[in-house]
Amino acid sequence: MLEYLWLIPVLPLLGFAVNGLVGLWKVSRTGKPQSKPFVYSVACGSVFLAFSLAVGCFWSLIQLDPHDRIIEQDLFTWITGGAVRTMSGDLANLHINWGMQLDPLSAVMILVVTGVGFLIHVYAIGYMADDEEGFYRFFSYMNLFMFMMLTLVLSNNFLVMFVGWEGVGLSSYLLIGYYIHKKSAGDAAKKAFVVNRIGDFGFIIAIMMIFSYFGTVDFTEVFEGVEAIFPTPELMWGPLSWIALLLFVGAMGKSAQIPLYVWLPDAMEGPTPVSALIHAATMVTAGVYMVARSSAIYSRAPDVLLIVAGIGIFTALVAATIAMFQQDIKKVLAYSTVSQLGYMFAALGVGAVAAGVFHLMTHAFFKALLFLGSGSVIVALHHEQDMRKMGGLKKYLPTTWWTMGIATLAIAGVPGLSGFFSKDEILWRSFSNPQGHILIWIVGVLVAGMTAFYMMRMMFLTFHGEERLLPKVAHHVQESPLVMTVPLMILAVGSAIVGFLGLPAWLGPNIFEHFLEPAFATHYQATEEVHHYAHSTEILLTVFSVTLAAMGIYIAYYFFIRHKEKSTWWVEKFRGVHQLVYNKYYVDETYDLLFVNRAKDTGRFLSAFDSNVVDGFVNGSATITRISAWISGQADIHIVDRIVNLIAEIFEYSSSLLRKVQTGLVQRYALFFVIGIILVISLYLYLGV
Amino acid sequence: MSELPQITNLLEFFLFNGRAIGPQLHLILWGLGLLCVDFLIPKNKSRVGAFFATGGIVMSAIHLYRLWGDTQPSAFYGMVTLDSFAIFFNMLFLVSALLTVVMSYRYMEVEEEQRTEYYALILFATSGMMFMAGAIDLISLFIGLELMSIATYILVGFLRRNKRSNEASIKYFLLGAFSSGVILYGMSLLYGLGGSTNLSEIASQIAGLQDNTLLYLATFLIIAGLCFKIAAVPFHMWVPDAYEGAPTSITAFMSVAVKAAAFAIFLRIIFVVFADSREMYSFVLAVIAMITITWGNVAAIIQPNIKRLLAYSSIAHAGFILMGVVVGTRSGVTAVAIYLLAYTFMNLGAWAVMILLRRQDISGERLEDFNGLFFKHPAIAILMLIFFLSLAGIPPFAGFVAKYFVFASVIESIFTEGGGNTSILIWLVLVAALNVVVSLYYYFRIVVAMFVKEDYLPVGVSFSGGLVLVLVITGSLTVLIGIYPQPFIDLAREASQSFL
Amino acid sequence: MESILFYILAGILVVFAILTVTAHNPVRSAVYLISALLATAGLFFLLEAEFLGAVQILVYVGGIMVLFLFVIILVNVREMEAQRRASRQWKTAVVLGVVLSCEFIIFVVRGADIFSAEAMNSSLVVGTQTHNTESVGRLLYSTYLLPFEIASILLLVAMVGAVVLTMKEH
Amino acid sequence: MVDIGHYLILSTVVFTIGVIGVLTRRNVIIILMSIELMLNAVNLNLIAFSDHLHSLSGQVFAVFVITVAAAEAAVGLGIVIALFSNKETVNVDEIDLMKG
Amino acid sequence: MSFFMENILTIVCFFPLLGVALIVVWPKGKEHDQSIKWIANLVALIGFFISLPLITEFNNVQYIDSETGMRFVFKADWIPTIGAQYSFGIDGISMLLILLTTLMGFIAILSSWTAVTERVREYYCYFLLLQVGMLGVFMALDFFLFYVFWEVMLVPMYFIIGVWGGPRRLYAAIKFFLYTLAGSVLLLLGILALYFYQHSVTGVWSFDVLAMQQLNIPMGLQTWIFLAMFFGFAIKVPMFPFHTWLPDAHVEAPTAGSVILAAILLKMGTYGFVRFSLPILPEATMFFLYPLLVLSVIGIIYGALVAMMQKDMKKLVAYSSVSHLGFCMLGVFVATPVALEGGILQMINHGVSTGALFLIVGIIYERRHTRMIADFGGLSLIMPVYATVFLIMTLSSIGMPTLNGFIGEFMVLQGVFADPTYRLWAVWGAVGIVLGAAYMLWLYQRVMFGKLEHEENRNLPDLNWREMATFVPLIILAFWIGLYPKTFLDYLHEPVNQIVERVRPNEFSPLPAQAFLRE
């Protein structure tokens, strides 16, 4: 089975090629788009095959003995270049293979990607049904994304990983900008891509450092090199810390961590399946995957670990608070995604790699489910996303309701559901691990409570209470077709049960973590002096967090079902705070203030840019860039080029002077003659040449 | 103190000495013959003069060719020599004279001044140049110079009903006479210092001078006079006016042959008389060359009249050639020779096109007269383009080879000698190099007019078999020298053999 | 004695030279030039160059200056007297001329002492027994034969030229 | 016995007077005469040298100079006449058809 | 056949002249324009095909010059007295550039089928002449010969810009000509200095480049010669302060002109540095390395910033190529093996992607007669194929992995980074990549996305077969280089190692360990 590993990414690629080329051909020759059945059967078929292959590979992987569960396959030599001198002082040739690596970690990833991906593809058939011209475009892009994502997770070296990394960025660019006629979509797409590029900037430099220190970018070789050269953690800030930090910068961009998270909410401009697949389940977790993958490096850079944990938990907190007050259903989910990603990074930061990946998996299930659910709601309401115009949909959309319900409870951390296990693992590790810190735990628990609150709030506002539907949509709201609901159900089952793969220590063996062991084997003994806590402690903490979650749920119930007036009263009472949080801490506005107004002050320069000043950091910085660009543009015209023309003018002017000298009077000419003689001979008389 | 030759050996005296000046004699005799048969020729058939003159030049060229190789160090008691240098330059003169005559006859009809004296004078002027090239004695040198000059004064003023022509000739004449006064003064001093009129004897004398103050004065008066003839700044002022006013064919002749002759004696004097006192003049000459190149090019930039523009460009070229004189090495001489060779063809070609454009009521001198030439006569336009590219020194044309050798000689002497003059030579080379760019700019103003401007003046150019012939010859040689310069380089090196 | 003669002749020469350049009327300045040339001829005699002195008087005074006078008469004189005699640049010109002559003189004064050495050996020393004219003649017909012949061509050219330039249309 | 220096100085003076004449006078004919003056100074030099060197070639040279002077005068005056018949002037500062 | 292989370089170089001759003698009259187009296209196409053996036979021992390692060497005396020879020969670097030239030459000629309507005859003559000049530059092993070709191709380019160009074409053309000429006369002086120094050392008069590469020139002289050559090449590239002729030339030139200009002419400058400056003047290169890197990096960032502000698509692309060539120069100058190979590969990449981008702009210009970005928007629904091609080329120019741009930029930066002294410059270069994404995507977004404001854009025809034909080879190349650059890189290792060995002796040839200082 394993020898067909390479097919897993290639299949979606073929799907992309077929759909893309045939569709393009069709539309450019006949003007009519490709027939839908052909398109989706190709797209979903390829992904399904990939999924079944993935299962097959997974199966044959777990047949193997845990210690040789790392399979590397080099497909072909990609880049060959001259020599560089590595850290150890000897020469290494730049020789990079296009290779694949299947180990527990990537196995888990491909299962999630292909599995969830397939479901979302199926769901999209229904969701995109009413889009005529773009149907083939959409599915070919989706397949392209699958290919890139699988390349990313299956790569066996940093550079191929970077290929996938950029590739998913590209396909997300295409899919966010899918609604071509919407300007906001285009802007969001560009914003996403450029912010990601800022992250990639860090990533690529990290790769260059890695190569020029270790002379290779192959995962296993690099990690061996790390162990060889840095047997102990780097207590002083050194090259390894730099590598780790730069990698993390890349991760921040891709996984929307502060301060590079601003693109994700905007990315909701894309179709909902896209948000589900790319901006919830898979792509945004690439950062987590990458950090987990290179945990060998991180485990030896404690300072960076601290930064990762700090930024992660902080992001979790901020995003959660913002999510509590959003009115747009997809925005809520977007911020919650950011918050959950924060969790994962916190986990990685405290050294709980397995826990982080575990949460990644569970999150993939329930967050995809939530998005798809919201998608079916949106479709039912004819693309209405504002929760204030929903409510009481339960009776119209039963399936959507219960599936989303499960997902909500899962993410809220209700015991027995997947979210509970993964989140609890993270919290426990952040408490118990040596790299952990009590503060992280506290904030984590707090965030758990808030999560419970805002998710329930979303449920209540959407499905319960009185109907606030707009009249025009009110009377033909009905449940989505099976092609959309079936994936919901499957995912619901998934998000209910996958949690049992990773039981807490006091319940039983943690299969998942144990399975992942080989991937991170031997990376931690360096920092491993765990003081063992009794199970009681763990249980106690769990109880505590669960109660907090319960409180969250209750508060939501209290405010949005029981005493709705109260909520408004509270809002009135704490208007200031509410305003602050409701407006996402004015982050975007602050950026505007920082860049845009300053820009305005710079006078007429900016008149050109005010027109296209959009919110946010990117455009703010873009503004700055454009100012400097404008200035250098002006410089180019008015200084560099001016000098050139100036020379020309000088010549022409002196030419006219010389013409004046040529008076046409013969005696003047004779005069020059004499002057010439005088000059020459006085040269001798006075200078004595 | 030589006795008068006895009758017995008189004959072989002339046989011996006569062959040294055989080509000149040819020209002179044919010229005299032409003057004699003048009144026999009916006025309406006066092209005969042209053919006559052609015959003379061809005969002389044949004679010269027969003399090729067997040089004669001195003849007529050390008045003239027939060394490879002289032969090379004589050939140059003959070629340019021939081309001038061939391109003239139609033109003189257009100007309605078709007269035999014109051709006779060209022959005499050419013979004067040949005497200059061969002269190794101050007196014969001076006489040759004057023969050439006076003939040229007349030729410049030959269109005597044309105000511009009169004006040109009076200016040229006054300044020319003035300059020959200056040269003579220098020569008289040189004679006083050298105690003889024979160049080599002077050289041996002045080598022993303990104080060369007066020598310096003499040198620079002569150099000033020669600079006048080769049109170097600041002695160049006559050039634009004279070139504009003179009959175009004569302008061509002057810009090529007269310049070449002046350079010939320039080199001769420099190398024979001041061979070992280079330090004295090279600095000044370098400065003059620099100024000349720049002045010529810069003044041409906005020049609306093309004849004047070419005049200025020829000033600049004089500067370039002067570079070869400055270094005063053998490769310098080679460079000058090659440059003059290339310059003869490309410049005559350009002037020939100017003559073509002189059509009945159009002067062909304004930039507009070139508009759209390409669309009406692509061949002519392309030839003109080739000449201009070559003048600007763009490969693969003759001008590039010429410029290459000039630059090479300067840089070589920078390398070999070092010493005090290095810095000035470096500057010289830089200035010259950048001037190439400037020159291209004004040449291309005309190219643009020819190739891009659409409005063509609806008047046919004045073709003639002769002009076509000239254009073909000059054009093909301009290209040939550019692509396969080897044989021409050999000639030039041969010429430079005669010094040191 | 000889030096006194020299100074007298030199004085005359310079004075008449200056008059030539400054006189209003061309005819006048022609006459002054003639006298300057005569003074020069005197100096030639002083320098035992009788032949040259004779040539000077015959050719210059007898030939060239007469030609000048003809032309002056041809282009009418009266019309010319009326106008200014000097061109606009005359002040500059005079200054430069003075500078030039001063520099020349400096050169000469500095450099002339090399001649005070005994007369150099030279290719053609005058035989004291022969007469100046004769020996010049000999030279002209032997050593300087070629220039002499070319000079004849030169004169011919000049003649033809003068004719060509002044000939009336027929 | 007057030494050569005096003659040289005399000739320089005459020469420069001639130069000044060329530079200042408007009348072409007088300019021509000034040129004759310059040539005359040259002759003075030559003769003086030939006396000092006891070499006759100086005098021969002078002969040729006079010849050339004659030729130049002839040609020059011819040009002057041609000019006068076209332009009715012999003033050099009115001859500026071509400039620039 | 054997004759063909013996003189292949000569044949490839002068083959276009055949076309010129044909076109010149072809009967006059507008009705023959069509046949002239056919002739030109066929000649160019055949020219490409007969250049293919250069690859297939490249490693055939019988064509390898044993002591120099050059291929297909052909030597003949030209001007013996000065030692100038007619000597051709190629190594991996020039081979790639030659093939790029023949290919792009054909594409450019094909692309002007409908674009050029008047004075067709001359147009194609100039193009074929240009082809000869460019090929000669890449083949010449004799400095004199090189210089001749170097100058020769100025004239046709001048006319291509000056006759078929835009409104300010004359200004642009003469600016291009004068700028380049100014550089190349200084280059000539440099060459002469080398020539005479060589003579003073070896006593032979020769312009043999390979011989000059063996000289060890004293430092002082090296710096002077380097400066002289630097102007010659840097103006051609163009590097930062000398770049102002480029936007004008590009904007005014006809599409095909811009394509050739960007794809080949600019490479002549970079090629000059690789072939001459580095190996002949290694110490001087290292001596000036710092300012050179500064200029390159300024070029990268400055070019990108200026590009961002352009309202004219063509100008934007023009400035973007200033930025890309900054990468080339960065890689070339730092001269670590990886960087140098990257720099050379980046030349090819820039030729492919920027050439294609100019074609793209040209096509839209031909349809709408405007290049202002503001006049477009929402085209991707009207012209889906065009949009796809445009997207691919945009991505390749912003260095998207799996496309050619990425390989070049990565190798350049990696190579620079590998030298501890110049790490920082790699980082700056990487900034350039981010900016690149910004301006190219912004361009793409403004042209392709958004609503369709302008009605006249509503029924623009999509690409036709001929236009597809111009793009297909470029797209294939883009992916080929992006996915399997080994094909091309393998030709570079050998020459690059020679050069590096000259510039940084023993630095990248095996040494005992611990030679490396860990900072």
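Lettered A, B, C, D and E in written order, each chain numbered from 1.
Keep in mind that, in the parts below, a residue touches a chain if its C-beta (ideal position, glycine included) is under 8 Å from a C-beta of that chain, and two chains touch if they have at least 3 such contacts.
Please read these numbers as outputs of a predicted model, since none were measured by experiment.
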Chains joined by the largest number of C-beta pairs are C-D
Specify the chain with the shortest distance from its C-alpha centroid to the centroid of every protein C-alpha atom present. E
Of all chains present, which has the mean Cα position farthest from that of chain C? A
Reference chain D; chain at largest CA-centroid distance: A
Centre-to-centre distance between chain D and chain A (centres being mean Cα positions), rounded to whole Å: 97
Here the gap between chain B and chain E, centre to centre from mean Cα coordinates and rounded to Å, is 44
When the C-alpha atoms of chain B and chain C are each averaged to a single point, how far apart are the two points in Å? 30
Centre to centre, by mean C-alpha position, how many angstrom separate chain C and chain E? 71
Indicate the residues of chain D shared as contacts by at least two other chains. 4, 15, 18-19, 22-24, 32, 48, 52-53, 55, 57, 60, 64, 68, 71-72, 75, 78-80, 82, 92-93, 95, 97-100
Quick one: which residues in chain C touch 2 or more of the other chains? 87, 89, 93, 96-97, 100, 104, 107-108, 112-113, 115, 120, 122-125, 143-144, 147, 151, 154, 157-158, 161, 163-165
Residues touching two or more other chains, restricted to chain B: which are they? 139, 143, 146, 150, 153-154, 157, 160, 170-171, 174, 178, 182, 192, 195-196, 213, 216-217, 240-241, 303, 441
Let me know each pair of chains that touch one another. A-B, A-C, A-D, A-E, B-C, B-D, B-E, C-D
In the complex formed with chain B, which residues of chain A make contact? 651-652, 654-656, 658-659, 662, 664, 666, 668-670, 672-673, 675-677, 680-681, 683-684, 689
So, in the complex, the side of chain E touching chain A is made of residues 175, 179, 241, 243-245, 247, 302, 304-310, 336-338, 340-342, 378, 380-381, 384-385, 388, 395, 400-402, 406-407, 410-411, 413-415, 417-418, 426-427, 430-431, 433-435, 437-438, 441-442, 445, 448-452, 462-463, 483-486, 489-490, 493, 496-497, 500, 507-508, 510-516, 518
In the complex, chain A touches chain D at residues 659-660, 662-667, 670-671, 674
Contact footprint of chain B on chain C as seen in their complex: 104, 107-108, 110-115, 120-125, 127, 138, 141-147, 150-151, 153-154, 156-158, 160-161, 163-165
Hey, which residues of chain B end up touching chain D in the complex? 138-139, 142-143, 146, 150, 153-154, 157, 160-161, 163-164, 166-171, 173-174, 177-178, 180-182, 184-185, 187-189, 191-192, 195-197, 240-241, 244-245, 303, 308
